[in-house]
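Look for chain A in each of the two complexes below; its partner is chain B in the first and chain C in the second.
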Partner chain A sequence: MEPLTGMGVLALMGAAATIAGASEDLESDVGSQSNPNSQVQLAPQMMYPHRIYNKAISGEPPSNALMCAIGGTVATVLLGMNASVILALTIGSLVAAMIHGTFSVSSHLGRIASQNRFKQPLYLDIVKSHTPVIIAYSFITTICILVISYLMVVVLGHPFPLPLLAFIWGITIGAVGSSTGDVHYGAEREFQNVEFGSGLNASNSGNIVRKGESGVRNGYDNSWFCAKFGGPVTGIAFGMVVFLSGWITTVFDASKSAAMGWESVLAGVIIVIILAIWNRKIEVAARNAYGTYKEDQDAEVAA
Partner chain B sequence: MIDIVGALMDNIISVLLITLGGVLISWSVHFVPVGGAPAAMAQATGIGTGTVQLAAGAGLTGLITAATMMGVTDSILLVLASGAIGAMIMISVTMLVGQWSYVYGVGCVPSSAKVKYDPITKDRQDLYVSQGTEGHGLPTVSYVSGIIGGGLGGIGGAMVYYYLMIIENSLPATELVGIASIFAVGIFFVNAVIPSYNIGGTIEGFHDPKFKKFPKAVISSLAATFFCAIMGVIAIGGL
Partner chain C sequence: MSAGGSGEAAGGMSHNTIIGLGLLGALIGIYAAHFLGSYASFLGGIGAIASILWGAESVRRVSSYGLGTGVPSIGMIALGMGVVAATFGLAVGGVAGPVIAVIFAALIGLLVGLLANTVLKMGIPIMVQSMAEISIAGTLTIIGLSVAMVGSFTFADVLTGVIATGYIAVIFIAGGLAILHPFNGNLGPDEKQDRTLTTAVEKGAITMIIAGIVAAVNAGASGALTIIIGVAIWYIAFSRFYKLVKRDSFSVVGTGLLPNEEELA
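Right after this comes the complex of A and B.
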């Protein structure tokens, strides 16, 4: 394949991955899933009833992997029936999103019902208003993952079948989403009642903020807030993963010679070193900008 | 009727090296700094997700790059190196962007609660741990440990896939890739789950006292993967 064509396809995959990352994170914010949901789950037990959608189908990687694998399987079946690519990917994503919506509703109803003893009400308007948004976000995520997987199989000639690639990228996007954007939701948005940067004492667990910018806070408000930082950074992260992992093998094409293969490995090592240095720079900048949380008692004793 | 003993003896190297790959995956998971739910609330050092999930996310990304490489070359070293690089890129990017969230989104300083000084940078850690938490973010030692973990996991996953692919069989190439890749993913998950019993939700990296428990997980993985490898060889070799 022409290097320029390969780079064009990679750019398209990177763009799709960025959108998928952002929508994956916002889907987990509007419906509250993954690790931060432990606080939403805990709140009623600490006598803080709330109006936040509480769905934790599973960890984000398995739930996204299921969604993407369903979409990939349906799309493969339709492609086998000579359906057009756009139709196959769209119908596959739609089926996956609807199934995800079913899981979301049953998960939410089950969790709220189990909290009846803590006087947590089940708000049907929350179910009716939030579920379509969850389905819409999961549709965007799934179709973007399917586009990435389809391009990898058909254009870049990846040997894995489409549903398996979609499954693996589903695991990866869930892992990236729950590692990056969720921190913004769990450590900042849920606990805006403590001073920014003060750290979150474990004794505050369950005491999540329940008042919104207007009225009582719900999943929409969380999605709105996280769309300013958590969602976009998740998109950047997943976009970087897809783009960089493909870039090294596309630019340094190992099919031409083994030396090119080793050059791709070297390029990967250089990228990892640059990222590690970047991380160190952020760490030093944060230490200098924010300072310490407590006095240095060792220094006082020595004095 | 499948000649089980014959298939096993013909592919004994595959059985042994698939087992080695599984052991590498199991060991690698101990390097990955994960803090689970507490880290998602910036109450523990490491990445705010589960052990299995992050290790699998990184290792399977490595599997994708390794399979890409295996499609164009027969060099096992190149396939293993590509697997390692793919996983290292995934985990490096995830840790870096996670760090953005902790520093810019939450406003806390990366710090470890398990050591007083970072073993690599010699930076003081305890003063930067906020009250009532077990550290937050990714200090340099955890970041480096994560990269090592990603690399080892990628090598392990790629090794499992490579030696599943060279099992003697009479399958068409596309079907062999399908079944070998699904076995590789399955073996990866088995070996990502076993160490989580050692880790118990949170581990900061190779400087964490929990890291010393890895021999138990490695031995368990040796036994579990050996049986997985036998199953894989019989299933693929018998087709």
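Right after this comes the complex of A and C.
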């Protein structure tokens, strides 16, 4: 393939990945999946009943892998029936998003029912209002992942079948979303009542912010907040994963010669080293700007 | 007791009944789907639901020893062991394939359970038995869904129709979540066995529907029948699940503000 065509396809995949990353993170935030979930689960036990969706399907990687694998499977079946590509990918994503919705509902209902002794009420309006949002976000995530996987199979000639590629990308996006965006919700949004950067003291466990900017806080408010930073940052992170991992093999095409293959490995290692140094510099700069933890300062004064 | 608990899980249905139901139900379903012709391929899906039920109960039992965030990992390891055992059993066993896969799965599960308790020192008394059970349940789920997809468990058919096409990925993750999600989704101190197992049937029905969608393009299996029966089972199971949620919840309200301190006291 022409290198220029390859770069064009890669750019398209990177764009789809950026959207997928953002929607994946916001989807998990509406339902409080993964990292923030432990505190939402703990809150009623600590006498803090809440109106927040408790979507404990599993960790994000398995639940995203599920919806992407279902989408890829249905799309492959439809493509086998000679359906058009857009129709196949759309219906595949729709089926996947609906099934994701059933998993969301069963986890919220199930977990609230299992908190009977803490007097946590089951608010049906939360289920009815939040589940469609979760389905919509998961539809966007799945269709973007299917576009990436389809381009890899058909244009870039990847040897793996579509359902398997979608499955692998599903795990990847879940892992990226879980590690990147969730921190914004789990560490900041849930604990806006304590000083910024103070960490989670054990005595604050379960004491999540339950009152909103207006009224009682719910998953909508959390996704509104996370759409400002956590979602986009997850999008950039996943977009970079897709783009950079594809870029090294598009520029240094291993199918041309073995030497090129090693050059692509070398390019990957160099990128990882650059990112590691860059991250270290950000961390040091942040530590210099915001200082050490309060506890450490107190200890120094006492000494 | 479950979340953060440290004792054996209790429940209305005895564990041995569920083992019998899961093992026999799955094997009968798989063999019937294989031998009774293409219209009977949905029986593979029914067999998968039986093994998912058993797997979910085993996850519930072993996770009650305070496993917490390890619940999803247990479900994934079930299907991980299952893939190895299922492909090995079907490859060498011929018509006895599923039975050989079950025996092989039990051996892998015993080994993993022993490693977990001796090397990792997890110290869960029922770990070895539970790992064997979860491994067998994962194996039977994979074979059951494969039969529902291609209509036979002959290794050549499964290899070309399920593994080479990549559908094994969806079997792996949908089967794994159907086994791990019921307990994970119902986690909490007031978790009840019947509600968790109803969730398992509901999620099992979803895997059956997916298998039916794949079967639609395979001549050896009946897609429409599998999808219709899967949807019917899902509807019945979900309705029952919602009834049990209303039974077990502290209160079910359309909307409302947060309870105040007096109401919580």
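Here is the rule we use: the second predicted complex is superposed on the first by the 293 of 303 C-alpha atoms of A that agree within 3 Å, B and C clash if a C-alpha of one lies under 4 Å from a C-alpha of the other, contacts with A are read in each partner's own complex, and residues count from 1 in each chain.
Criterion: a contact is a pair of C-beta atoms (placed from the backbone, for glycine too) under 8 Å apart; a residue touches a chain by one contact, two chains touch by 3 or more.
Since the structure is predicted, the reported quantities are computational estimates derived from the model, not experimental observations.
Novice: Is A:Leu10 touching the first partner chain B, the second partner chain C, both, or neither of them?
Specialist: neither
Novice: Please indicate which partner A:Phe160 is in contact with in the superposed arrangement: first for chain B, second for chain C, both, or neither.
Specialist: After superposing on A, A:Phe160 lies in contact with both chain B and chain C.
Novice: Touch test for A:Ile134: chain B only (first), chain C only (second), both, or neither?
Specialist: After superposing on A, A:Ile134 lies clear of both chain B and chain C.
Novice: In the superposed arrangement, does A:Gly174 touch chain B (first), chain C (second), both or neither?
Specialist: Only chain B; A:Gly174 stays clear of chain C.
Novice: Figure out whether A:Arg210 sits in contact with chain B (first) or chain C (second), or with both, or with neither.
Specialist: Second partner only.
Novice: Tell me which partner touches more residues of chain A in the superposed arrangement, chain B or chain C.
Specialist: Answer, by number of touched residues of chain A: B.
Novice: Have a look at where A:Ile148 lands relative to chain B and chain C in the superposition and call it first, second, both or neither.
Specialist: Neither partner.
Novice: For A:Ala20, decide between first (touching chain B), second (touching chain C), both and neither.
Specialist: Touch status of A:Ala20: no partner.
Novice: Looking at the overlay, does A:Ala88 come into contact with chain B only (first), chain C only (second), both, or neither?
Specialist: In the superposition, A:Ala88 touches no partner, neither chain B nor chain C.
Novice: I'd like to know which partner A:Ala75 touches here: chain B for first, chain C for second, both or neither.
Specialist: Once the two structures are laid over each other on A, A:Ala75 reaches no partner at all.
Novice: Can you list the residues of chain A that meet both chain B and chain C?
Specialist: On chain A, the residues that contact chain B in one structure and chain C in the other are 38, 59, 62, 160-161, 164-165, 167-168.
Novice: In the complex formed with chain B, which residues of chain A make contact?
Specialist: 34-36, 38-39, 59-62, 152, 156-161, 164-165, 167-168, 171-172, 174-176, 178-184, 186-188, 190-191, 196-205, 229-230, 233-234, 236-237, 240-241, 244-245, 248-249, 253-255, 258, 261-262, 264-265, 268-269, 271-272, 275-276, 278-280, 282-283, 285-287, 290, 292-296
Novice: Would you tell me which residues of chain A are touching chain C in their complex?
Specialist: Going through chain A, the ones touching chain C are 38, 41, 47, 49-51, 56-59, 62-63, 65-66, 69-70, 72-74, 76-77, 80-81, 95, 99, 102-103, 106-107, 109-125, 160-168, 170, 210, 216.
Novice: Going by the contact rule at the top, pick out the chain C residues touching chain A in the complex.
Specialist: That would be residues 2-3, 69, 71-72, 75-76, 164-170, 172-174, 176-177, 180-181, 184-192, 195-196, 199, 202-203, 206, 210, 213-214, 216-217, 238, 241-242, 244-245, 248-259, 261, 263-264 of chain C.
Novice: Considering only the defined contacts, which chain B positions touch chain A in the complex?
Specialist: Those residues of chain B that touch chain A are 36-43, 47-50, 53-54, 56-58, 60-61, 63-65, 67-73, 75, 78, 81-82, 85-86, 88-90, 92-110, 121, 123-124, 127-133, 136-140, 143-144, 147, 174, 177-178, 181-182, 185.
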